[in-house]
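In this document, chain identifiers A, B and C correspond to the written order of the chains, with residue numbering beginning at 1 in each.
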Amino acid sequence: MPRIIVCLKYAIDVSQIKVDSATRKLLIADAPRKISDFDKNALEEAVKIKMKHGGEVIALTATAENASTALREALAMGADKAIQIQDPNIQNADTMMISNILAEAIRKIGSFDIILCGEASIDSYSGQVGPRLAEILGIPAVTYVSKVTLEGNTLTVERSLEDCSEVIMVKTPVLLTVTKEINVPRVPTLMDIIKASKKELLTWTLADIDFKGEKSATPSIKVIDVSAPKTERKRIKISGESPKEIAENLVKALIQEGVIGG
Amino acid sequence: MSTGEVWVFSENLDLALEMLSEGRKLADRLQTELSAITLGCNIKEQVEEIAKHNVDKVYFMDNPVFKSLQTEPYLSVFMELAARRSPEIILIGSTKRGRELAARLAARLKAGLVQDAFKFEIDERGMLTAARIVYGGNGVALITYQAKPQIATVPPRTFEKAKPFGKQANIISLDFKVDEPKTTVVEVRPAEVAKVRIEEARVVICGGRGVTKKEDFRMFEELASILGGHVGVTRPLAEDRKWFSEWVGLSGKKVKPEIYIGCGVSGMIQHIAGIRDSKVIVTINKDPNAPIFEVADYIVVGDIYQIIPALLEALKSALKK
Amino acid sequence: MYDFTETEEQKLMVKAVKEWCERHLTPERVREMDDKGHPYPKDIVEGLASLGVIMGTVPQEHGGLGLDWKTQALIAEVIGYYDPTVATAAGFMAVETGWGFTINRYCSEVVREKYVKPAIRGEKFVGIGATEPIGGSDVAGHRTTARKEGDYWILNGEKTFISGTEEAKLWGGGYWVNARTGPVIPEAPHRNITAFFVPIDAEGVEVIEPYRDAGRMAISTGGFVMKDVKIPDEYRLGEVGKGFYYTMEGFDNARLMIGASCAGATRRILDDAIPYIKDRKVFGMPLAKYEAIQFELAELYMEMEALKLMVMKTAWMQDIRYKEEGLPVKVSEAKTFKPTEIAKWISMVKWKGPFLALKAAEKAMIWFGAAGYTKEYLFEAAWRGVMSYVVGAEGGQNIQKIVIGRELLGKEYVPYK
């Protein structure tokens, strides 16, 4: 009966980001947040494992803002318990700090068999927290997992890479990051949502998990700027008297660009 | 004045060579050495190839333990070497394996990592600054490091491959104790052999709603074949007309080719999101108001049924020369 | 006074319904459903049922979720949004949720187990059979009769323009049928009417071929004839002679759902139209920049938000009414709001919703021009579907005005009974 911890990111909904047209700065503070897409795949997989093998699913997040509605959604999707480490300092945390915070929270939770994370977050897509967390906890990690089978304390997973797919066996405790191919996250039923309101949702501070930040006194990196990308497209009209001439002019332009040989 | 080296590593040789050209620039700017790390099994040729490409040192280890490409052995070598050499900058190729290795290495070294960096600068402090795409393509973040080593992963085709140049590198065999993998690889199934995925295609030809019959894709296939590319479609041709099962767009495949040619593609925003990283966007559409014209480099207002055959001819003669 | 903040539960419920609809009630699917016509696809109704969207207001001990009407109205809005042809809203918000809830209030445990609970699970269909060949609006004047014979009632009559008869026939189910069980009292023709639940497969029930509707094609509109249909007394709904009052209550619930669904359909029409009018240029300028179009958009938007507020207030009143009366069974005077006050508000949302959605669909088609006239967009399907409520489904539009007039002016001004 495995205990599975799912790490969720309360990420920015990138489809709702607005840009200040004058400064090209992204208006991040106003953008709504949601559970990062691939983390939902992780949660769904955890719930599926629990449905098959029994056990417990705990949803965990580190957040500056109150993520309780998102965690309630995780509970509705099938998590048994949800915990948010909420602290304003997390606003500027880098992945190293986040991983350390999650590690401390997991140490406070106690024993576990499997940690599931999404392959990367939908807003940052850097895929660091999962592997970093595994290293901090001293457990093996398998990333980009597209299929999981549990038997006793051994996991057999399929991993999809660029040029091949691997079938890997690993013993618990282990951390996996999953791809969106692994499953289709369920839509919670209204009854699930009603039941979720009775499930445990805890808010811990950094003090509650004894996080003093020594492990990462200064953030390892600093974001200096985030702006909308420049879209400088040339918009050159290729014309000609005939299709033949147009085609020749186009080929000339592409050769000049250096994208076709010649 | 920095003493640490700039390291470059990828299990993918082409990617390693691409990073070497940028690595060279950074090393020169920092007045330090550029070193490549090559770990694998039966890699003598690879090591010699890399050593020719304007790099100062090549550290290598040839050992069967690296064959399965599991992370722990690689990690242990990096840690051992980092302890001895205190690298300034570590560039790792951004493949799925590379991204995982980089993150785990960063955790062990308590270092900062920027994934999928596409541009580097050295600032007045001699520290690295990296740029990467964030927020689903909506933003570019400029990130600076606060400590060393400064680790970054670099996606394929971000930089030009280094050219063979200069004297042969100093090839150094490493003799470290290597950690055993913590997982067991039971099976490796190659992906569809020799098939380049459209996401990695160098050239993408996309057909849109302007295409009237499925058979018309023959001319796009021919165009793709001449240019060494891949054919794709916009979502309506897959979902509505059911001509194909996959499409290029926000909810489908995202491509970043050298050349994208849209044929009869109007340029709905969801499709644009899937092609915006293309180096050169060419579009052919008979509607002069097609939105795709706003985001294209080369625009042809014309009938694809006339332009494409003409283009095929023009390419055939140009490429023959 | 009024706190419009959605509770966390409501937020999550609306989000879940939206997500489900994004996956299953896609524009392509809705177009396919409208093109293909009835019967309503079983996979969608089963999905909606597992989600918990159908008859959510039925108490948990009876198989529902015990949702309040405010939440159910928010859900109906989402359903109207994702299926702007209103076929789904018609069958499953107005008829099943509105009338199904009311059936549950007055039915026996037998009917509940056999029909209500299965309908909540998406297995059977329960509906309202009110309209007769002589007309729909004059409920008290209907001709269906029921006479008592021992433990049974014998029903005779004919019902026309009834939603869902094909679905009921295919899946199993039945209808709320009013029958005269006592003499007509000229000054009070609404008395001596009793409500019954008539299974569609009861002996003597003959289902009429469905009509060829103009819209909301995915749900059938048919009818049935009752010839000496023998109904056990345990299929009677509520007390003898009180059928008319229960029916008014049923209409209240169904009409609230219509108002909410039409607000959703209107929102959908605007959301589909806005990107197009921003993009499409005529004479070098986007349509959206023309004042004429902006003004029409602004008006539709204002009316839609006004409708939504009316729906919210009406749902709030319904919730108070039901809380005071105590579910599930008890017809007594509401303390805070008289049923007639609530009926006025119900008539307001029932009148406003369909007309507004109709107007929005029409305007959108005009903005789009010839393109809007095609089946590439759902506007024409929305127009045809919503029209069913304009022509009088769940109550004639002019009847709604009579109800409002009665409340403003007094009973003595009602032009006809």
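Please note the rule applied: contacts are C-beta pairs under 8 Å (C-beta built on N, C-alpha and C of every residue); 3 or more make two chains touch, one makes a residue touch a chain.
For clarity, every value in this text was computed on a predicted model and none was experimentally measured.
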### Task
Identify the chain whose mean C-alpha position lies nearest to the mean of all protein C-alpha atoms shown.
A
### Summary
When B-C and A-B are ranked by contacting C-beta pairs, first comes A-B
### Query
Cα centroid separation between chain A and chain C, in whole Å?
42
## Note on the structure
Separation of the C-alpha centres, chain B versus chain C, in whole Å, is 56
### Query
CA centre of chain A versus CA centre of chain B: separation in Å?
21
## Note on the structure
Shared-interface residues of chain B (touching two or more other chains) are none
## Note on the structure
In chain A, the residues touching two or more other chains are none
### Message
Can you pull out the residues of chain C that are in contact with at least two other chains?
### Response
none
### Summary
Listed in rising order, chain A residues that touch chain B in their complex are 12, 14-15, 17, 19, 26, 28, 94-96, 99, 122-128, 130-136, 140-144, 156, 161-170, 215-216, 218-229, 231, 233-238, 242-244, 246-248, 250-251, 253-255, 257, 259-262
### Summary
The residues of chain C that touch chain B in their complex are 28, 279, 281
### Task
Could you pull out which chain C residues touch chain A in their complex?
8-9, 11-13, 15-17, 19-20, 23, 50-53, 56, 65, 67
### Query
In the complex formed with chain C, which residues of chain B make contact?
239-240, 289, 291
### Message
If we count contacts the way the header does, which residues on chain A are in touch with chain C in the complex?
### Response
68-69, 72-73, 76, 187-191, 193-194, 196-197
